[in-house]
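Next, two complexes with chain A in common: one pairs it with chain B, the other with chain C.
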Partner chain A sequence: MAEFDNPTDLVAAARRTYQAGYRRINGYSPYPIEELSEAIGFTHTALPIIVLIGGVLGGLGGFFMQYWMEVINYPLNVGGKPYNSWPAFIPITFECTILCAALAAVFGMLALNKLPQPYHPVFNAPNFALATRDSFFLVIEASDRKFEHDAVMKFMSGLGPKDLVDVEV
Partner chain B sequence: MIDTAYTAPQEVARLQRAALIVGIVGLLALGAGAFFEPLQFWRSYLVGYLLWAGIAIGALALLMLQHLTGGGWGLVIRRVLEAATRTLPLMLVLFIPILLGAHSIYSWTNAEVIAAHPALQEKVRYLNLTFFSVRAVIVFAIWLLLAFFLNRWSRQQDLTGDRALAKKMRVLSGPGMVLFVFTVTVAAIDWVMSLDPEWSSTIFGLLFVAAWSLSALAFSIALTAWLTKREPMAHVVAALHFHDLGKLLLALVMLWAYFSYSQFLIIWSGNLPEEIRWYLPRTHGTWGVIALVVVILHFALPFLFLLSRRFKRDPHKLVLVAVLILIMRYVDLLWVVAPNFPGTGFHLSWMDLVAPIGFGGVWLAAFSRQLRSRPLMPLNDPQLPSVLEQAHEHHESEDFIEEASA
Partner chain C sequence: MADEHQSDAPHHTTVPVIDPGLTFASVTDKISSIVLKRKTPLAWFIGFAISFILFQLMMLAITNLVFVGIGLWGVNVPVAWGIDILNFVWWIGIGHAGTLISAILLLLRQQWRTSINRFAEAMTLFAVAQAGMYPIFHLGRPWLAYWLFPYPNTMGVWPQFRSPLMWDVFAVSTYATVSAMFWFVGLIPDFATLRDRAQSKPFQIIYGWFAMGWRGSARHWHRYEMAYLLLAGLATPLVLSVHTIVSFDFAAGIIPGWHATIFPPYFVAGAIYAGFAMVLFLTIPLRKFYGLEGFITMRHVHNMAKVMLATGLIVGYGYVVEAFFGWYSGNKYERYMIWNRMHGPYAVYYWALILCNIITPQFLWIKKVRSNLLLLWLISIVVSIGMWLERFVIVVTSLHRDFLPSSWGMYQPTQWDWAMFVGTLGFFFSLLFLFIRFLPMISIFEMRTILPEAEVEE
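And then the complex of A and B:
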């Protein structure tokens, strides 16, 4: 694990690491860095499609919940309007779409990140608590196909980090 | 390398000449139409005028919005918005014929119509030509003053780099935004809603706030995408800016749909004869088909496309939605305005096509002239260095992704 002073160095190092062929790499920073996810090759996520499915199901569910109540379960004549008064169903359909899309976003994000996760080896690194304050970290994980301990340590020291540590898995 | 003066590319001058020719031919043809079918002429004139005046007026709202929020997206379109607001004097001149032709456009100017409708007799204290003109002068005066100061201070910022100017523009924009909503409400009620003087909808003003802001944003996106293909803007505007502009476009599409649907739902629920009268001709026959087209192409389709992140980040794709929205703005205006003109049922005339093209040509020529007269980026805005740096890094990381995927 390499520690850096500033986000620019982290992103540059991440790009070089990706170019060197390492794939199981990760960056840790106190705040989101848009370029970082691209630099470590993290370009695709299943989250948008999960949110879309959540929204579509919420919309259909919201509409047919009302349809079932107003037309099948308890038909009620309101102002002489037809039972299936779809214009009146739209606001609740819309709200249900948003509700289910938002829930899908939150729980989909947690599931894809494998959260909650009570233990992770990076917390064994002595300075790692600074990742929430003013330090920037780059990790090459041992599960990388190209991982070979001495070569990785040599490569990372060539990235010019402030500090370089070996994390016990 | 980068042109630090940000002079507009040659193509803008070419656009100005071409637009001026098209515009003058279009307006002359429309003017000739006045001799054959005066009523049709006024209908086409009003719709064509509202479409392009809406872009200039809406640009004022977006300009104040970006002063209030800050951010790279606002900085890269600021000069486009400013140039659009500097066309407001032209739109004031083009409004004069509407005042002169008010007798052919607005039924409440007709004493016989007022005499036949008791409800109108109560409204004449507001709906009379003198007060109508005074209100038009006031709303234009407010828009012109806001545009004047925002443009003047922005120009001073270019020349002097005085840091206090950014704050001045921000401080004016807050109350300016509030004034904007009031003035657009007055304009929408006067110029459009009073076509049917007995009908009223309290959300009508907000509907035009959303619609005109949407027109201005769609136009700004289309023009910025065009400018980004050329230097100097190719170095400045990055995918992240289009991403932000795309998000705002999605928000405004939804806001417009929300206001439109609110108006429809409330009137549909109430089901009162004097209110549903406005919707009946617009939801039956050919106008009903057009209403459906508006729902699909003005809302559903742009909404679905704009959900995608990749779509918003690609200017070539985003520009397609922006142009579609501009075309649908015209269709929607026609659907709102045209059924109030005499002649039952649906009919279109060649003037309905010539009017938006004629106004568009003249407006685009004036806009291009204004756009060329200043640098394409605010030279001394406090945000400029960070925006440029961000764009630079962004272009680098895009090159990197291309290399990596190749």
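And then the complex of A and C:
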């Protein structure tokens, strides 16, 4: 794991690492850096699809819940309105759509990120508490196909980090 | 992104969004030290104590109400919706500014929102909590409130989904849920910051528990940003829908003074107006007290004042259109309603409302007024009162004289009505005091993103 003290160095190092053929790499930063996820080759996430599915299910569920209750299960004539008075069902349909899509966004994000995850080896790195303050880290994981301990250490020290440590898994 | 903004709007470069001398480390340390290191000031204890006593008044009022019944309040036919429903609308309106700041301004890429969004979202959440109590206790039998939700029951009946009151149940509960999630998601990286900064074991464990193992991984950030953006996109139509549906509670009724198509946009503008007044009312003392002038700068204060002015003008337009409709409809009930508002027994409320909501904000045209914090603070109080009066005029004066003079009546809130209102103010401020003591009131990670050093140089 290599430590950097500014985002520019981290992104440059991440690019070089990716170009060198390492794939199981990750960056850690105190705030989101768009260029960093591009640099480590992570640009696609399934989240928008999950949210879309959540919204569609919520909308259909919301409408047909009302339809089933007011038309099929317990039809009740209110002021001569049709049983399926669909314009009156729209507000609740809309709210259900938003609610389910938002739940899908939050829980989908947490699930894809595998959170909550109380323990992770990177927390063992001595300076890692600074990843939530002003330090930037780059990791090449041991599970990478190209991983060879000495070669990786040599490669990473060539990236010009502020500090370089070996983290026990 | 910062450069883009400044070139788009050159006049903004004169007043920076935040203090230019800030760095990653100083932003982190300054905001987290309020929670972790600094001694809790005496004024915090005094403020919290006063709020907490008022909160106990609310508990007393509610206990008494549940024991004795709804007759404790001044509501009765013809005014069955008294200041309790009024307070519901007032509180939920205040909440709207928080969502506007956090979601709509995020989508519009207004960087200045970053300093105030966390605080405004907390305000939203706490205001919605107050709002939600009113309709529940107004039910008369609040222990049966769960009947409002469609659950399979032994009675074999379902809620009446054609009623705006049911729409309201779904709108407000969705709004509360989504606001809470949006707020919590925004807090996760900051919980991690606090976890790593906390000195004592219990705080490390508690903040760590909420941080859920957040470690700032690039993959996590990528999905996180996507989720945050999508939530903002979902919260934007949601916030507009909530006050629209609240206005349907009135507009779908046939009472003159309620049955108007102007209601949805006019309510939404009123909500934002009241909400920004509340944000200003809270942030002006707070930034001074905690020395946050570097984060919440005059630029923020100016912008909020301008939003208040703009929404105030929309609200003013709403009043004019209401009066015009009353006259132009040619309907004698509608005409009488407007005449009654201006000259009837509650006329003083109407004219006070015009003074508070239309005349007072006109001072915001003047730059000197917008730069004078004390004046601005006073204006925000006047506007908050004005928005309360607006709902009084809508709810009470419309109901108290409808079609038949034989069914006219007068409404007077009782001491228990006031106890409940003052009590919810106490509850609201208690929650806010706890929030500024235990959580970072400014979003730390978002502040980092707008620092000049956050940019990746290619």
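Here, the second predicted complex is superposed on the first by the 169 of 169 C-alpha atoms of A that agree within 3 Å, B and C clash if a C-alpha of one lies under 4 Å from a C-alpha of the other, contacts with A are read in each partner's own complex, and residues count from 1 in each chain.
Please note the rule applied: contacts are C-beta pairs under 8 Å (C-beta built on N, C-alpha and C of every residue); 3 or more make two chains touch, one makes a residue touch a chain.
Because the structure is a prediction, the values reported are computed rather than measured.
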Q.
Going by the contact rule set out at the top, does A:F89 touch chain B (first), chain C (second), both, or neither?
A. second
Q. In the superposed arrangement, does chain B or chain C reach more residues of chain A?
A. C
Q.
With both complexes superposed on chain A, which partner does A:F42 reach: first (chain B), second (chain C), both or neither?
A. second
Q.
In the overlaid three-chain picture, which partner chain does A:L60 touch, first (chain B) or second (chain C), both, or neither?
A. neither
Q.
Contact-wise, after the overlay, does A:Q19 reach chain B, chain C, both or neither (first, second, both, neither)?
A. first
Q: Using the touch definition from the top, say if A:A142 reaches chain B (first), chain C (second), both or neither.
A: neither
Q: Have a look at where A:A131 lands relative to chain B and chain C in the superposition and call it first, second, both or neither.
A: second
Q: Could you tell me which stretches of chain A are touched by chain B in one complex and by chain C in the other?
A: 11, 34-35, 43, 48, 81, 88, 91
Q | Interface residues, chain A side, partner chain B - complex | A | 11, 15, 18-19, 34-35, 38-39, 41, 43, 48, 52, 79, 81, 87-88, 90-91
(Q) List the residues on chain B that touch chain A in their complex, please. (A) 240, 261, 264-265, 268-269, 271, 307-309, 393-394, 397, 400-401, 404
Q | List of chain A residues in touch with chain C within their complex | A | 6-8, 11, 14, 26-37, 40, 42-43, 45, 47-48, 51, 55, 65-66, 69-70, 73-74, 76, 78, 81, 85, 88-89, 91-92, 94-96, 98-99, 101-103, 105-106, 108-110, 112-113, 115-120, 122-123, 128-134
Q.
If we count contacts the way the header does, which residues on chain C are in touch with chain A in the complex?
A. 23-25, 28-29, 150, 156-162, 164, 166-167, 170-171, 174, 177-178, 181-182, 184-185, 189, 192-193, 195-197, 208, 212-227, 230-231, 234-235, 237-238, 241, 245, 248, 445-446, 448-449, 453-457
